[in-house]
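Same chain, two partners: subunit A is paired with subunit B first, then with subunit C.
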Partner chain A sequence: MRRSLLFIPGNNPAMLQNADVFESDGLILDLEDAVHINEKDSARMLVSHYLESKQTHSLEMIVRINGLDTPYFQKDLQAVVCQQLDTIMLPKAKVKDVLDLSKMLDEIEQTKQISKEIKIIPIIELAQSVLEVNELARFPRVNGILLGAEDLSTDLEIERTKPGLEIIYPRFCVIYACKAQKIDAIDTPFTDTKDEQGLSKDCETAKMFGMNAKTAIHPNQVSIINDVFSPSEKNIAWAKRVIEAKKKAEASGLAVFSLDGKMIDKPIIDRAINILKKAEKFQLL
Partner chain B sequence: MKIGVAGTLESSDVMITVREADALKITIESIVFAYFSEQIHNTILSTLREMNITNVHVLCQDKGALDYVIKARLKTAIERMKQHA
Partner chain C sequence: MKNSLQREVPVGFKPFVSPTAFQKKPRIMIPEKNTNHQIVFFESLEAMFKEMGISDGMTLSFHHHLRNGDEVLNQTAKVVEKMGLKNLHFAPSSIFPNNACLSSLIKNKNITSITTNYLNGDVAKTISQGYLENLLIMETHGGRARSIEAGELAIDFAILATPAVDCMGNGTGSLGKNACGALGYAIPDLKFSKKVILVTDTVVDKIDNPEFPHSYVDAVVVLPSIGEQKGIVSGTTKITTDPVGLKIARDAAKLLHELGMIKTGFSMQTGAGGTSLAVADFVKKQMLAQNIVGSFASGGITAYYVQMLKLGLFEKLYDVQCFDLEAVTSYRDNDHHFAMSSSEYGNPMEPNPIVNNLDFVILGATEIDLDFNVNVTTDSNNWLIGGSGGHSDTAHGAKVTIITTNLIKSRMPIIKERVTTCTTPGEDVDVLVTERGIAINPKRQDLLAQLRNSRLNIKPIDELLTLCYQITSKPQVVVHDKKIIGVVKYRDGTIIDSLYQVKK
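Here is the complex of A and B:
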């Protein structure tokens, strides 16, 4: 369950040092686009030691490795897979890539005696990946899928716009694939770091469509994303009242009851339970 | 002479330069020298031992880097030195 994931360039010690104060639900330590080709080795080493230094942490630690079509990914994996790592983010993910990555993780986890399963977040940034997204969502290690609209737009030879009409289809593909497997649908970053209103609007749209979370490319974006993707006070209060009313109805042997003149049945109760679960997870109760 | 450099002179980072030498020599320049020079020296020494490196000159230009940053930059500099033609 996530709301916000913050990208941190993997070769920047100043940003790494402060990365856990921005209140994102997870950090994406980036070895891919944020790192110059001549500094891949240095970033890999730095991220590896950063993770080792985090003996205890409450944030999800994610590393975006370089793609499986690059000469870097094997060294990336060997360096960063450790007990402190939670998730690998895989760029330009296709079904074959996730299959290969899952096998590699099986081996590395065994060799390094890691006592948990490292998860995978595939990034959908190729037309082919959009077509394969339902299959990608079914991999046991995959617990979320990120839409990468910038690279996808390049692949589609289209222009990215702030309203995002051009990404409606891939957004829905990601959402439905994820919801069907009960995993997180994670929205593409909003790239204008100075447009707070635009970010807020983009988050509202993504949430309305069914996205659970969004990536941030600047620390200033995190609080806006968290605000939008957290259950509101009003929703939490409503959910509490639904659960209270449910308890009373159960005592009277009723499966369906009314609250404020509206019928409450199982789908509504499930929605209230989900709101309270999220509120608890994000310490909003 | 083989040489390897890693890191930057940005805040919270450290630039490490290692050169092949006849004996071990560690030179530290740090904005927090008065408080942390001994700790930095120990971090460098233990990392070199871990890597079985003895005969190098290490120049450490520190801008307030944490221990893990110093270790990572030193290891990268050593690897780069080994690959230096």
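Here is the complex of A and C:
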């Protein structure tokens, strides 16, 4: 369950030092696009040391490795897979890549005696990945899928716009694939880091479509993303009232009851439970 | 001798006891000067020096309203050097990097004593290295006003940069090519110095409502230039874009919200730094969203507060100095933008200084310790880098004093077990807001009770220190030189700490 994931360049010690203060639900320590080819080795070492230093942490630790079509990904995996790592983010993911990565993680986890299963977030950045997204969502290690609209636009030879009309189809593909598997649909980053209103609007749109979370490419974006993707105070209050009414109805042997003149049945109760789960997870209760 | 904070006090000075000790003392005021004779106009500082009889050992005061654009202090220093005057006591309200020329006068014993409220740049380095013959006296803005009116800081000549002067000898900060707005820091000098010299580069026919009425003035010096107006925009006067600074500001604003401090009629002051202005920005958003109008904002005024006044978010601004040119214009044109003298601002002996009416103040810190004592005077190696200014005055007066600072700067923890230099006593500091948590002074049980069910990340200050050490490890303790080079006066004139020569 996520709202915000913050990208941090893996080769920037100053940003890494403060990366955990911005209240994102997870950090994406980037070894891919944010790191110049000449700094791949040092970034790998820095991220590895950073993860080792986080003996206890409440944030999800994600590393975006280099793609499986590059000569770097194996070294990336060897360096960063450790007990403190939660998730690998895989660029330009296709079904075969996720299958290969899953096998590699099986081996490394066993070799390093890691006592948990490292998860995978595939990034949908290719037209082929959009077509394969339903299969990608079914992999056991995959617990979320990120739409990478910038690279996808390049692959589609289309122009990215702020309203995002051009990415409606892949957005829905990601959302439906994820919702079908009960995993997180994670929205593409909003790249204008100075446009707070634009970010807020983009988050609202993504949330309305069904996205659970969004990635941030600047720390200042996190609070806006969290605000939009958190249950509102009003919704939390409503959900509490639904659960309270449900308890009373159960005591009276009723499966269906009314609240504020509206019928409350299982789907609505489930929605209320979901809101309260999120509120609890994000410490909003 | 040690004061109540266990800080060394040199012989001949009174030790700090508590922030409220001054309340038991009577207000001492020497008679205000009044000059009704003909005002003399000079065309050079040197001519004025000779005619007015400025000589060895005298005390000359200055204000810093032109900040890093001021040339009056520098040009006066050149005359002192040329005339070979010795053992002078300079008492500028602040010293800025552009006043670097004072360093050679300190080394050559032209200047042997300095009293000021703030200093950085080359002069600060020179004094840190032990070149000033007598002890440096650091005061607060309100403390300086008290000290001057009490005759404790006895000024022979107040040499006051004045952006415009009329033929009668009235002076104002609102007109002229180097208009700097409010002249609040110079008012005590004007009223209580033995002689007052206005130095200007603009003479006009008539000034209505002058900040410097001619009745206090003895002479006017008209120079081609008193400085560079754009130099008053020194330091950071824009909202920070640094994510850590914004995180701190956002949390400070959340804290103010949870304490219920943003309400109709509230009053506030922040510094001009980027993080402080970011707090003001978050407060502004709350005010707009909830249709809240505050009573006043005060202090050094920036364009940001001018904009809030224009939006009707505050009924008035109390301005002791303008930090930028928008503030200068607003001070001149807006009837709700008021000047205040440094005495009206923060003099502890005033019956009701503005600082006492503040609901909250947002301040910075170079260091803060486990007792919430704050250092804004030196760095951790004893180099002078600033001074109280209005820090101690507002910290004491405001109902809630909030320090906003990064927990770690340049890999150094900002929280110390004991601050290198104590500028503001912890008793007057209520809250510390950092990017990794908020600490409330245990003396403010009322605030802790109010925040009991808060979702804010509130931690004891020693936990924040432990967190620092986990990231930076424990820094080696800096052993300072034993030679005392100055003292930090609390606003009541007692010594809150001594200043030490840097280790060579």
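Brief remarks on what is shown
By our rule, the second predicted complex is superposed on the first by the 285 of 285 C-alpha atoms of A that agree within 3 Å, B and C clash if a C-alpha of one lies under 4 Å from a C-alpha of the other, contacts with A are read in each partner's own complex, and residues count from 1 in each chain.
In this section, a residue touches a chain if its C-beta (ideal position, glycine included) is under 8 Å from a C-beta of that chain, and two chains touch if they have at least 3 such contacts.
These numbers were taken from a predicted model, which means no experiment stands behind them.
Judged by the touch definition given at the top, the superposed model places A:R160 against neither subunit B nor subunit C.
When both complexes are overlaid on chain A, the residue A:F22 reaches subunit C alone and has no touch with subunit B. In the superposed model, A:S48 makes contact with subunit B only, not with subunit C. Applying the stated contact rule after C-alpha superposition, one finds that A:Q283 touches subunit C and leaves subunit B untouched. Of the two partner chains, subunit C is the only one that A:H218 touches; subunit B does not reach it. Overlap of the subunit B and subunit C interfaces on subunit A: residues 17. Every residue of subunit C that touches subunit A in the complex is listed here, in rising order: 241, 243-244, 246-247, 250, 408, 435-436, 455, 471. Touching subunit B in their complex are the following residues of subunit A: 12-14, 17, 41-42, 45-46, 48-50, 52-53. Interface residues of subunit A facing subunit C in the complex, by the touch rule stated above, are 17-18, 21-23, 218-220, 223, 283-284. On the side of subunit B, the complex with subunit A involves touching residues 6-7, 10-13, 65-69, 71-73, 75-76, 79-80.
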